[in-house]
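Have a look at this one before I ask anything.
By written order: A, B and C. Residues from 1 in each chain.
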Amino acid sequence: MLRTASRSAFKRTLASHAKPQLTELSNGLKVATNTNDQAGSACVGVVFGSGSTAENPYNNGVSSVLANFFKAEGAQPAAKAGVQLSTNVSRDSQSFLASYAGAAGLNKTLDLLQSQIAGALGSASDSAFTGALQKSIKQAEQFELNNHAGRALEHLHSTAFQNTPLALPVRGTVEALQELEKVDIQSFAQSHFRNSNAAIVGSGNVSHEELVKAVESQLSLQSGEKPELKKKSSFLGSEVRLRDDTLPKAWICIAAEGESVTSPNYYVAQVAAEVFGSFNASEPASQIQGVKLLDEIQDYHLCDSYDHFSLSYKDSGLWGFAAEISNTHQIDDLTHFTLKQWNRLSISVTEQEVARAKSLLKLKLGSSAVDNVSIANSLGTKTLALGSSPDLTEVFGKIDAISVKDVRSWASSRLWDQDIAISGTGQIESLLDYMRLRNDMSMMRW
Amino acid sequence: MPQTFTSIAKMGDFILKTPALSKIVVPVAHQFVKFSGYRKMGLRFDDLISEENDIAQKALSRLPEEESYARNFRMIRAHQSSLTHHLLPKTQWIKPEEDTPYILPFLLEAEAEAKEKAELDNLELVKS
Amino acid sequence: MIGSRMRMLAARQYHISAKDSASKVSTLAVRVHAGSRYATKDGVAHLLSRFNFHNTGNKSALRLVRESELLGGRFESSVDREYITLKATFLKEDLPYYVSALGDVVYKTSFRPHELPESVLPAAKHDLAKAQACPVKISESLLYNVVFRNNLGNAVLYDGVQKVSLEDIKTYADKVYTRDNIEIAGLGVNEADLKRFVNDSLFASLPQGTSLAKESAPKTYVGETRLRSSKGDSVAAIAVPVAKADFATYEVLATYLTSALSDLSSVISKVKFDSYSNAGLFSLYVKGPDAKAVSENVQKVVSSLKKTQDISVAKDATALRLALKSETEPFVEQLSLDKVKDFKLGKFSYVAVGDVSNLPFADQL
């Protein structure tokens, strides 16, 4: 029904996919590229394998300060040269990237990167650091004030991984940021911005050989041992409630422990999350998705939107969902129906549901790798976490190989009757207590 | 198999298309309508269809405004007649040509939608 | 045989462009000169856009969504002042399915009466509520209205001020969904394949029609308007209509004012340059919770823009911005930035939204 006759003939004309290339330099620095010579621009940059997990409660937020420093200090020379800077801070990594087209050229762009990183390592003025610090504080305050969904998700991490590195918020806390000084920022940069902890990445119209050559002659980072975390992150079933009845809605997150980036079940967990996917009550096409959970949610308008996620980090991960709810008196129904559907992953998830999830996951991964900046960013983080970044064709192959049985056995060991972490903010009076929710993670009979 | 509006409509069409059947059934139907007497209380046949189910509710919600208003009026009038144990004056009886199926098309559409949803919810994947 | 030849000839008249790439995902976009500037009633373009991907003669909306999920694809329809754009993003090998699905939508949407109140209007209402919660968006639509009055100045979103019936939407669809009024573009798509599949789809059955786009530039005006509002921040915004010859200058100016090259970038919250086939609008927004600060900042911005300044330093950055945009967007317009040099602000239109008692009037700038 879905397959047209012309489809097989048509497959042959598809342009082939370029594979990522990787070279390790003698100083331990990795250079990875994902070339696309049809692109009109390129993106190069440095990705470091330490983000907020490398921080501690007293310097929490220093990565975000460094990101702001990079963007603010580099802004003027970059704009003049026709280079666009972007940064990304996550729990396990931070990246400093520069996009350029024609005029700027690779060498000029790398020079710019090098001078910014040298600045972060200590050569920059005090006022530059203060400016970046002020910006980070402002961002953290705005986040606390306005981004309730984001806040719920950060607190989900803080309770699930309490007292371990993954608990720290990516943006840092306002309290910790206010106490930061220039020397804290520098010493963090000096101990983490090392060859052994970095990957140089390139995507778009940049050749691997050229980048390797240019990096060898132009870019130098600190030498030294690769920084290792002293503590491993571990999951603890728990809950945190930030009830605030003055807010107009409720935002909640519930998650069980997920898979780490290196786990063999990394993609199985992603497929399982995609079985429920995302829902947005105000979008007509979203209302008619093939998700059984939606029948119950829509009959009683249980939430405005939800998003199922499988977040993976070096040591651990989170598998669960986040929801935005205006029908705040029926949160108990929402969580009950949702968790009962999670039960189905272990016992009765269907072939069709898994096939749907696999296709949508492929679409998600494929369409997130369109612009050069996100390609470069994921190339860097994957290279650092896994040793090398898998090609999308390989990834699609792995996803295709996942069967209903794989999803069921993954769910039976990771979701069925497992502990959960809960967080919520806004009008969460009807969010049930931990034990009631925990009981929904399994069924007595079915 | 439980009867659906779709199957009833299909059967009706079949009877009307078959001269031998329609010769018998149509007069019987006319007699049934006459004896059941709903027209004398100012009702149309479609007013009698049970509305306590999702399909009928959906169809009702999609009725054009004037149809919906007229339906409510007929029902209230019929209740009043029933309450007072009177039939309507003969001039207000529903004439056969007025007794047309106004909600049936909506019922059929709602039913088709529900059927399609059930089918798509329970697709079987065929490996190719 | 002759029939298929005829269809080939017909399809050749579509504006089809495609750019192949190594990406695993393709984007197919159909844009129709059917945006609010061509609307026969306020909001009809928005409602038609929201009607896209509902039931068609061949397929119900439900079936389209369910099939598309299994293939790995999604749809989106958006409206602006010039275009209604239908967009499908999908795994590369499914191109034929999506060409035919989009063909179905423009040719055979069934416009069932119940879809309007059940699905189209609530979605449209949500779009409107979202836009009205944002003072910058409100200012933008006021600026358009002041500068162009009608045509590009029409309201984009349906607000119910003029009642739009199902019949209005159908008539509008018949008027705009014609062959000469449509452009098709693909990203990560082979051009020959795309042309072939368009031939085989219902796109080939669309009537010829005429393009609604006009060459002559719309009339523009200079004016000012103020809107008291307690929702969100205060905004002071200015706008200048731009002739086609000056597009490059204003693209560069937009980059210049938002980059670190200009001292003003810290006080300007948004700069937008919208270009259309025969006109453009440059708009600049200063926003903040404190209307007095907004007032000071906008005065600073305008007085500095009134002096001639060399903006050619931002050429490279603009070229990069346009190059990045062209990589992710199916429709790309070429623009030569070579001649850009100086800029000086002349006459402009002005809008104040929010705490207007503390915001300046145009003659105070």
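Criterion: a contact is a pair of C-beta atoms (placed from the backbone, for glycine too) under 8 Å apart; a residue touches a chain by one contact, two chains touch by 3 or more.
Molecules present, by chain and UniProt name: A = LAME_0A01750g1_1; B = Cytochrome b-c1 complex subunit 7; C = Cytochrome b-c1 complex subunit 2, mitochondrial.
Every value quoted in this text rests on a predicted model; they were computed, and no experiment measured them.
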**Report entry** Inter-chain pair with the most contacting C-beta pairs
**Finding:** A-C
Report task. Name the chain whose C-alpha centroid is most distant from the C-alpha centroid of chain B. Result -> A
Query - Computed distance of Cα centres, chain C from chain A (LAME_0A01750g1_1), in Å - result: 30
Query raised in the report: Quick one: chain A (LAME_0A01750g1_1) and chain B, Cα centre-to-centre, how many Å?
Result: 56
Query - Cα-centroid distance, chain B relative to chain C, in whole angstrom - result: 47
Report summary line: Among all residues of chain B, those touching at least two other chains are 120, 123
Report summary line: Contacts with two or more other chains occur in chain A (LAME_0A01750g1_1) at residues 290, 352, 355
Report summary line: Each of the following residues of chain C touches two or more other chains, namely 62, 66
Report summary line: In their shared complex, chain B is touched by residues of chain A (LAME_0A01750g1_1) numbered 3, 290, 292, 351-352, 355
Report summary line: As the complex stands, chain B meets chain A (LAME_0A01750g1_1) at residues 120-121, 123-125, 128
Requested in this report: Spell out the part of chain B that touches chain C in their complex, as residue ranges.
Outcome: 61-62, 64, 109, 113, 116-117, 120, 123
Query raised in the report: Inside the complex, what are the residues of chain C that reach chain B?
Result: 60, 62-63, 66, 112-114, 118
**Report entry** chain A (LAME_0A01750g1_1)-facing residues of chain C, complex
**Finding:** 19-25, 50, 53-54, 61-62, 65-67, 69-75, 89-97, 119-120, 122-123, 126, 188, 190, 192-193, 197, 200, 255, 259-261, 313-317, 319-321, 323-324, 326-328
